[in-house]
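What follows is a set of structures for review.
In what comes next, subunit A is part of two complexes: it sits with subunit B in the first one and with subunit C in the second one.
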Partner chain A sequence: MTKANNEANVSELETEEEPRIAVFVCHCGHNIAGTVDVEKVAESAKDLPNVVKAEHYMFMCSKTGVKMLQDSIKELGVNRTVVASCSKLQHGRTFAKAIEEVGLNKHKHQQVNVREFCSWVHKNDKEGATQKAIQLVEAGVNRARKLEDVETRKIPTTKAALVIGAGVAGLRAANDLAELGVPVTLIEKNSTIGGHMTQLNKTFPTLECPQCSISPLTNGVANHPLIDLYTLAQVKNVEGSMGNFTVEFEIKPRYVHDNCTSCGECSSVCPIEVPSEWDKGMSMRKAIYKAYPQAIPSTFVRDKQTCIGCNSCINVCPVQAVDFSMKTEKKTVNVGSIVVAAGFNEYDPSEIEPYHYGQDGYDDVITQLQLERMLSPTSITNSEVLRPSDGRIPKNIVMIQCVGSRNDQVGNAYCTGVCCKFAIKNARILKENYPNSNVTICYIDVRTPGLNFEELYKSAQEIGVRFIRGRPSEILRNPLTGELRVIVEDTLSMTPLQLKGDLVVLSAAMVPPEGIGPLGSRLHVLRSKEGFLKEFHIKMNPTLSSKGGIYLAGAIQGPKDISESVAHAGGAAALAAAHLVKGYIEKEMLIPKIDYSLCISCGLCKTVCAPAAIDVDQDRVYSVNEVACKSCGMCMPACPTGAIQLINFSDDQLRDEIIPLSGGEAHCHD
Partner chain B sequence: MTSSEVGDFCDPMDAEIKAKIKNLVVFMCNECGQGAANTAGVARMGYDAAIRIVRVQCSGQVGPIQIMDALNNGADAVGVVGCCLGACHFFNGNILSMHRIKLMKKLFKELGYSDQFVNQWTARAAEGETSVGDFEDMVDRLAVAIKNKGTIKDGC
Partner chain C sequence: MSDSEQSEEQNREFKTDEDFDPEFFRNIERKSKIFSCIQCGTCTASCESGKWTALKTRNIIRKVCLGDLTVLKDPDIWLCTTCFACWERCPRNIQPTGVIMELRNYATKLGNISPNHRAVVGYLGNTGHAVPINDITKERRKELGLDELPPTLFKYKTEGEGKELENFKEFMFDLPPVKEEKKPKKKEEKK
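Entry: the complex of A and B
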């Protein structure tokens, strides 16, 4: 018989819909046969309906065993196979592949596990194990009877990616994707790219210049031929699923054209001054401005909210780049993957009342990011640390750790994980710059895991930074002198202390960025209880979001330092590019089917579907998005009418399997 | 066993009750559930032969239909085993399942049956003892329920 002939025979049989089942019981040497009476099991399977062959053999996974399986299909016209041997994980695939070779769909194989689930765990109960094996095989045969073909489909993908956020993670992801040959659309909410990293003075633990580290990346991305960069842009709508998304985003006007030479004439004539957001309020900016000298894109930007429309900038611009008539644009792109790198926000400590952050008279209470801005080479103070209240160099500097993290009162139970490291780094820099100053860090626990961080901690201790274990209860201000005192209990020596604080620095937590809620719902991805976007699996898939094709990079998934963010972004980019470079997604259509005669359009299946794989049109007709579906079957119990059924895992098929396992025939109830 | 022996009945009676338990249907998810049971098997950890494992895609796939199918057909009790909370491979199926099982328990109680008909556990694929612990707990809970309420099957 030729192979073509066999296939013809098989397909003929399938049209008849008569299940012909072959059962094979494996001895696995003594592993199964030593406990389970395999002959008895095979014998009992012979009497089951639709079983045309039931045999037992020493090693089913051997070449001979596999040939027995294939021969039964060729010679007896078997169209469903049951092998009672080891787990599906171990050899399920071997047998599935074997039946596929002779023309059967691989989902027509039913693996019954009588080794790990039976013989190996019931060594002392041979009778019970044999009885259990008989039941397991009967259940397997029942299950096999109604197995359906599941096709594997190739779905073409759009070779393009969208990266949301141009901080260090977003830049890394965009760059990696572009280097893999994927055209990238990179959108950034702010007017400049580079994110929080550009605001820093030094990076731990090596005390490198962050601006120097990131500028090759920012320049590279801005000039990459495959990367389209849009600043002042925000996602408005996302449709589609893995491989084929349609994303609509909105670009706010910059009011300055690209021919700007960044000469700064406009800024110098602008009469408006407001605190600079990028400089964390430590300096002033004009209404038409550039966030910082090295900013990319180097085009100036006009802040429409604060501008009074005096037109002086328009008149003074030598290249006529300023244009107040620019309008908000909308753009639509088709992409195959989305990488979300929306980053984080620094926690706003004004919520914690006893620290009086941002209140009148408490100007000398600042955050670590503000301190970084003062220390930075581009700062207005020329890298000097000066008290915001009187401009003097502070003598006593107190740092308070865990502001907004490890604090159930503000709802953030998590440890940000980087505050200890940057506080120690800043304390060391302060102590080096001002050897006569007293730098104190009030901590709960010092957490400096990882290479080189313990050394950083030690070096800070050696240089004379004082560490006090205790969370300060309050910052008090002397109303006459304006002097600040930090009230803290040193919990190691049980002594209450009042620390003089000329400058108090709060190590504020990393919190989800503003606007993450709307962004999450537009992307149809779920968020963790802390508000970050939730990863698909904390260990095995930390870069995939709850929805296939949408990946997370950097601190949007949870607090991370720069190196972790970069590594995370690289992983996200590799995953995002995988199916784009290949050009297609291979997907087994193991998806639920909806019986429209039963569907009542209640939408409950849609509410439980985590990967958002259930679509609904305007006529309230629900359908399964076969690409997005993850075959979990969570929609099945949610359906009140049983209209939605996962193929090969339907209620009917599961019932057939459950009946013999529950002890046989149905009892009479009613 | 006569009532005069009540004084030291604990262990022998437990064993007697446990011997009566014949079919316990456990729905185990395709990820950590199956993984843990496989690991237990590979490590040859013994457990009660009454345990019957059904492979489902996710613990969130198991609903009242499956649970009632098993109980109606003679299962002594039903267990649902999924991944640890927060580690579901299908995102939140185990949490959905938790809510569903809670409702089923409530329903059984309101109908006057023991709520130990159905229980949910979690398991870790790398630690076979988690699944064995789940199975042992299942048998123990059922034994206690039978002792307190008579055979569960009588209520069926």
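Entry: the complex of A and C
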């Protein structure tokens, strides 16, 4: 904003009309009226200066309540309204919208919270609560007196979106966005798309083939004209705000060009073998490889870390697609929305020492994802379940639930909520495939809510899966025979047991994916204490992140199964597309003004401004970038002279508000 | 009353709310943790003592959660060897060993200390050390060029003011007397 503009706004202020304030106290049923004497509060507000009307009513948010508000404006010429009810976040917008409908600027409404701040926290002190409510209302009236109009401006958005992660959630979100006509850049850090779902053998509860379910989506996304897909790509820098982001990302070289015919000659001559990440170490891959037969993109990829540079693959490739000279590329895109679908990692159980996962002699302790890999049609064992130690079919299989979930010791207090379902599914499949084997699930609680899951549990019980209620304390190994025993108490019969475990399967938790820390900080979004990305509101907005314009899809927000992830991703895509399809976002110009007669050009406001919304020109004249400003108000306390003042949050206004609460004294910037 | 009818009546002796005092254990040190127990049984399965004895740690914690005061008379709480395996493995950090220690303190106040523990306390009170010194030990000490008696309170019981051991005994080991069990009323009626 230029200097001239600022001055014009100041002069507008001075010609403000006489304030006429209407006060409404809401009962909120018994929520407020049960503790606070609403009648007394309304009565006391009547005597306050400029108040022309003070009333109380059962539900101010009801149609009648809103009409009372509007009538006061129409009939009494009220130009500022105060409603003492719930939090501003709950119904502040309802009332602001109501006064806007009858021609008042919506910022002329002042919300006073006498529910969360008063009746709910002082339930046992009715008199004190009433007194506090009276003071809060007086403060609200004082604040309302000097409220100014705030303009709402339309800011055009960039009609494009970025989706981070190409698992089932990311694919769904990308597909939905593209179907709404939004061009999508989809980036995936691995060499193939499809995520964890492609690793599974069957999906619960219907025991469907996950490859068959997801391949229409992977193929559709890979060939969609509006979707640009980048694999081996990672976000490096994000700038801008909702509607207009600039994202820089890095694409690691694949070392194989797109003309690869996927013939596999290179892989067959490659002398290097390492455990396959995609197969969870259950098979080996070459240094130049394709993760699995149906992988998309089907282009092979060279792993530079393990490659010894023997050039065999270059020589053998019939189409000369292998090229070791490929370099890391950087790309920058402008997008209006970002959808984060970075998924999850399977918890690494080696942290839980008594289970000895990954230790010598404990090869037969595996995770559920590894079991899925053995059972799947693309497995190296031909879908047979074999003991990794000796390749025999196990007779006694024990599954251990809640490995890394519901465990304060490893810092995961949450229940993953999916493990019971997949363990029961796998137990049932094992029992079906090997009817003579003994399959036991050691659980703390079986949690199978939702349609069809209790039925799955029942079917597993009926087929003969044994359920033991108890969390195993340790897995013991007989040093002579190498036999494994699972030590557990059957808590229901109070019997300590030693179970033979020819194969022990750990139902490991879902944890935040690796690298989520740097990604989160590049996106400037908050994380929950468990490490997942934090949603805006757990009930009412689980797909928006803590930052406007950045949305969460799938397990990055918290553990989810496939159906939940898909639904979540669909919601995220719809939200992400809304302001892009509309073409603009509405921004309230709640921005600071600079009084140049006081400004000493010290630049402190610029230093503290997180969204970098303060500009400075050659003559050291500071001004506010209206679009970038987030109305946080950090600049105000930083200013040593009080020259920069956020509209409707100025020192003057806040002082007026504080006086009735502090018993008559308030000092700011004095 | 026939035998079958009598046994049926005994079976009907379920506990009622009056049998529990949920407030009692609210005051113990680890209150906030104990009540978050999920009864997973890791403690029992880890228990070195429980492999051979009747100690079922999970069950003891359960009784504490319910406010079942009979746990204070339970001889099982004295079977814990304080190896801390359950403490280390508990997924909710309930610290079962600590709970058992506190229960022992409560039980002792009520006079429910186990006879063996009482005997050890007796040794300590009388001699100043828990392991009695026998002739073999005395011989060994001599061979090593040490005094026959180690420098414990017992050695100096006659020195100084001559009351150290007595004071020690008075302040540290003032155990309540053995409590006589009241016989259940119902049984008396039946007799």
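Just so we're on the same page, the second predicted complex is superposed on the first by the 448 of 670 C-alpha atoms of A that agree within 3 Å, B and C clash if a C-alpha of one lies under 4 Å from a C-alpha of the other, contacts with A are read in each partner's own complex, and residues count from 1 in each chain.
One rule holds for everything that comes next: a residue touches a chain if its C-beta (ideal position, glycine included) is under 8 Å from a C-beta of that chain, and two chains touch if they have at least 3 such contacts.
Worth saying up front: this structure is predicted, and the values here are computed from it rather than measured.
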Contacts of A:55 with subunit B and subunit C, given as first, second, both or neither:
neither
Of subunit B and subunit C, which one contacts the greater number of residues in subunit A?
B
Look at A:471 in the shared chain and tell me whether it touches subunit B only, subunit C only, both, or neither; answer first, second, both or neither.
second
After the superposition on A, what does A:488 contact: first (subunit B), second (subunit C), both or neither?
second
Touching A:132 in the superposition: subunit B (first), subunit C (second), both, neither?
first
First (subunit B), second (subunit C), both or neither touched by A:444:
second
Residue set of subunit A touching subunit B in the complex reads 87-89, 113, 115-117, 120-125, 128-129, 131-132, 135-136, 139, 526, 534, 536-540, 546, 608, 610-611, 630-634, 636-638, 642, 646, 649, 651, 654-655, 657-659, 661-667, 669
Can you list the residues on subunit A that touch subunit C in the complex?
354, 402, 406-409, 444-445, 469-474, 487-491, 494, 496
Subunit B residues within the subunit A interface of the complex
22-23, 25, 34-35, 37-38, 40-42, 44-47, 49-50, 52-58, 60-66, 69-75, 86-93, 96, 100, 156
Interface residues, subunit C side, partner subunit A - complex:
38-47, 50-51, 56, 58-59, 85, 89-93
